[in-house]
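Both complexes shown next keep chain A, but they swap its partner, so chain B is in the first and chain C is in the second.
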Partner chain A sequence: MRVLLVDDEVEYVATLAERLSFRGVEARWASNAKEALAYINQEPFDVAVLDVKMPKMGGIELKRRIEEIAPGMRFIYLTGHGSEDDYKKGITDGISYLIKPVDIDQLMKVINQAAAGRIG
Partner chain B sequence: MSIIERYKPAFLDSSAQGPKGSRHTLNYKKIWQMVIFLTAAVTLVPLITITMLDYNVTQKSIESEISLRTRRTVSNTKRTIVSFFSARRSALDFIVHDNDISVLSNTNRLEEILNDLEISFGGFVDLGVINDKGVQIAYSGAYNLGGKDYSDQAWFNRVVDMGVYKSEVFLGFRNKPHLVIAVKCEFGESGFYVLRATLDTDQFNDIFATLELNGEGDAFLINHEGVIQTPSRYQGDVFSTVSILVPPYSDYTQVQEYRQEDKEQFIVGYAYIPDTNFILMIVKQKAALMKSWYATRSNLIGFLLLSITLILGVIVLGTTYLVNQMFFSDRKRAMVMHRIEYDNKLSTVGRLAAGVAHEINNPLAIINEKAGLIKDLFVYREKYSGDDKLMGLVESVLSSVTRCGTITKRLLNFARHMDESFQTVDIKTVIKEALGFLVKEAEYRSIEIVVTVPEEFPEVECDRGKLQQVLLNIVNNAFSAIGSEGRLTIEVQTKNEQFWILTLADTGCGIPEKDIEMIFEPFYTSKLDQGGTGLGLSITYQLIEEAGGFIKVESEVGRGTSFIITMPFKPKKRKEANTCESF
Partner chain C sequence: MNMGTEKTKLTGLAYFGKMMALISHEIKNSLAIINENAGLMEDLSLMAKKGNPLDPERTGTIAGRVVRQVQRADTTVKRMNRLAHSVDNPVTEVDVAETLAFTLELGEKAFSTLGLRVEVGPLAGPVVINTNEFLFMNLIWEVLGYALQGGGRVETMTIAIRRNDNGVELVFSPLHAVDGERTPWDRALAEALGADIWPFADTRELVLKLPEILKTV
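Here is the complex of A and B:
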């Protein structure tokens, strides 16, 4: 399982990636859209976990961009905001939406589900 | 409530004035009084003034007319009387000039003349010729007066002096009233005789009988001593004394008012008949004359009083209604302003809280992952897995993070739902979320919270944010009421197909009966010294109403308070929040 994590909080996303790797996931992390897209262009991924609110380009816009390059990608949204609009947007896209701080096991479950194609 | 209490308008209530820094901009009682006073003054003063003027003018006019009419009647009657005497005197004058003394001394001739007089005038009873010595030298008539000596009689001297004499009425032949006219005729040098005639008073009295008088008028003659000479309707018999004071002498007709002690008022018109001892009196009863005026006057006064009553009634009712409307309008304005203020504050605080929560979430997430990583390292690497103490510490950190996460999630949740409107919710969840904010405080105050929601309770479509505000508000109040050591029971049940009931009952200090009606009133508070604005329950009431529900309260001092909120399962399509159909 190859997962790309994108979040502007470096400490957070790096640690998360490390924790996922303990659980058998090959995780890459990026702290902005540019880095993320660079990874997408270079390597294949099964699931992309995107923070919704990021400076310059947020998760929703990034999803679109990624889909242009890698159409079969599955997505999961992360947010610390809990704002109504983001939530609704996420829901209508049919994508899972998790609120930080996430439970690692919950995250694993959702990643597996996404990869299996049941959601995303 | 007494009738006055029930109808007393709200703005007069002193408690409506509010505490210092009153939210009302105007002193309604004063305005009410001023408006009523000014309007009443400006309408009533002219009305009353004009009515009084009209009254005076009309009364004077009527009195003047009465006086004039009486005066005219008296004058006309006086003229008639004077004519009466004048005609008969002229007749006698004619006789003496037409007939020589020697002719007249003949009794037969006298008798002829008497007959002629009787035929032409009527009313002549006798005729007598008296010489200059006062002796009746010839007589024709009913009596037997030939040779009678009148020399020492006053009338004889009078006719000698004045040339003519008209007597008063006296009781004569057959005890009927008569009067006498005598004329003097001079002949030669200082020779004279007197022709004397007695008349009965029938024709004389007819003058009065044929008068048409209003006001129960009584026309008659009296002499200068007040003895009645001709028949009177009300004043007494002929020869009795009139009860009215004899009026003072005047050349002209006079009209006076006369009042008998404790009895009626009279209008007395009189005229002294010249060359006689008669005074013509026409006496009318003022009451009878003024009867139509009195009726008019009653109508006028009645109309005035009715008008005043109506005017005052309309002014007072109208002003009261208007000032009341002003009062309510002002109050509503204040309420709306405060509601806006409240909503703004809530919104600001909500946004603030959400901002804080969001900011905290980031470092919180980092702590979570770092601690998680430490735990992972313990789990996945042999090196640390044996150290229980370290593991324990890490677990502790993780669980604290979870707790923080719950708090921020709750806050963010609440903030998120503030701006929403209607959505389908699970009541139990909503209640739990709201209580989530207060669980710590409840523990601290030793207040037990019991929530009862039926198992299969259906989902409700409502404004989640509003419902939570309502819950928070009431629960906060309950906590205040309880203080510490108590219980709060929250119960949900179905009322019928359309409505469900939420009951919040506390074991607090209760609300006194006199305050119960007022607690939903805006600005009513028992927490003034703590800075209470009295708006919490008023806004709660509004929120419930806007959601299509209804709230009522039951309370007993010392035992506790229950708020019973009835809410619809589905909101109605509503335009104006003020419609709330009760059940």
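Here is the complex of A and C:
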């Protein structure tokens, strides 16, 4: 399974990618939307885990952009402290909305569900 | 000065709430990084039990990340504490440049999310006024909100501090569009501080004037 993690907190996203790799996930990470879109243009991913609040382009807008390039991808939002509006938007979109700090086993479960097409 | 109007209280609460949301977001990020690095140590320990030796360089790097995040969270909590104490005195001596810089630090995440940078212009020496520190910060935030929203695609906003005969002027520029008819900033808040706000379409500036000494009633 190939997962793209996008978060402007580099130490967070890099560590999370490494921990997911120990669990059999092929994880790449990007620290902004531009980098993320460049990866998606180059290689396929099953799931994207997106931070909601990022400089210039947040996860909600990034999801829309990714869907134009890779229509089959599944999504998970992961944020430090999203607003009520962001949360509702995630629910409306049928996307899992996880709050940091997240338990790695819970994240793995949600990634597996997303990859299987049950959510996201 | 009349700080007791309901409008001013509501505006102040909204500002305080917004800053608390930004601060809690920042603390959450630090905790998340600490959490992942503790988890990484756990993963590496489990792998070591299965025969993969633990690299001391690696554990040192992980410990370093945790220390950095504790320092970052400590700085964030100190800012929260200072914001909390800014309501202690109705009128106090306020170093304009220092308080402006602090206000921008508090709101930095909100600006960066919008892809905006706010800079303070060079200043010859300290400018001190007697005012209400919390309301001063609140007013800067309100004016910035107007200046940046009106700006649309402005990426860098500069705030220059100038002395005048009666006190101090903060000059926000450039503004993308100035509508002299619009007064979206909180009049009650400006009045509480004895402040005047002037948008200038020709120079694309917005000037916030504050008295040197705030008169109390």
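Keep this in mind: the second predicted complex is superposed on the first by the 119 of 120 C-alpha atoms of A that agree within 3 Å, B and C clash if a C-alpha of one lies under 4 Å from a C-alpha of the other, contacts with A are read in each partner's own complex, and residues count from 1 in each chain.
In the analysis below, a contact is a pair of C-beta atoms (placed from the backbone, for glycine too) under 8 Å apart; a residue touches a chain by one contact, two chains touch by 3 or more.
Just so it is clear, the model here is predicted, and its values are computed rather than measured.
J.: After lining both complexes up on chain A, report clash or fit for chain B versus chain C.
T.: Here the two partners, once superposed via chain A, clash with each other.
J.: So in the superposed three-chain picture, is A:E18 touching just chain B, just chain C, both, or none of them (first/second/both/neither)?
T.: In the superposition, A:E18 touches chain B and chain C alike.
J.: If we overlay the two complexes on their shared chain A, which of chain B and chain C does A:G58 touch? Say first, second, both or neither.
T.: second
J.: So, does A:R2 touch the first partner chain B, the second partner chain C, both, or neither?
T.: neither
J.: Between 21-29, 129-137 or 201-209, which chain C stretch has C-alpha clashes with chain B?
T.: 21-29
J.: Using the superposition described at the top, list the residues of chain A that contact chain B and also contact chain C.
T.: On chain A, the overlap between the chain B and chain C contacts is residues 9, 11-12, 15-16, 18-19, 22, 80-81, 83, 99-102, 104.
J.: Touching residues of chain A toward chain B in the complex: what are they?
T.: Against chain B, chain A makes touches at 9, 11-12, 15-16, 18-19, 22, 80-84, 87, 99-102, 104.
J.: Note which residues of chain A are touching chain C in the complex, please.
T.: 9, 11-12, 15-16, 18-19, 22, 53-56, 58, 80-81, 83, 99-102, 104
J.: Going by the contact rule set out above, which residues of chain C touch chain A in the complex?
T.: Of all residues in chain C, those touching chain A are 21, 24-26, 28-29, 31-37, 39-40, 43, 47, 65, 68-69, 109, 112-113, 115.
J.: Help me check something: in the complex, which residues belonging to chain B touch chain A?
T.: Listed in rising order, the residues are 354, 357-358, 361-362, 364-370, 372-373, 376, 379-380, 401, 405, 409, 412-413, 415-417, 419-420.
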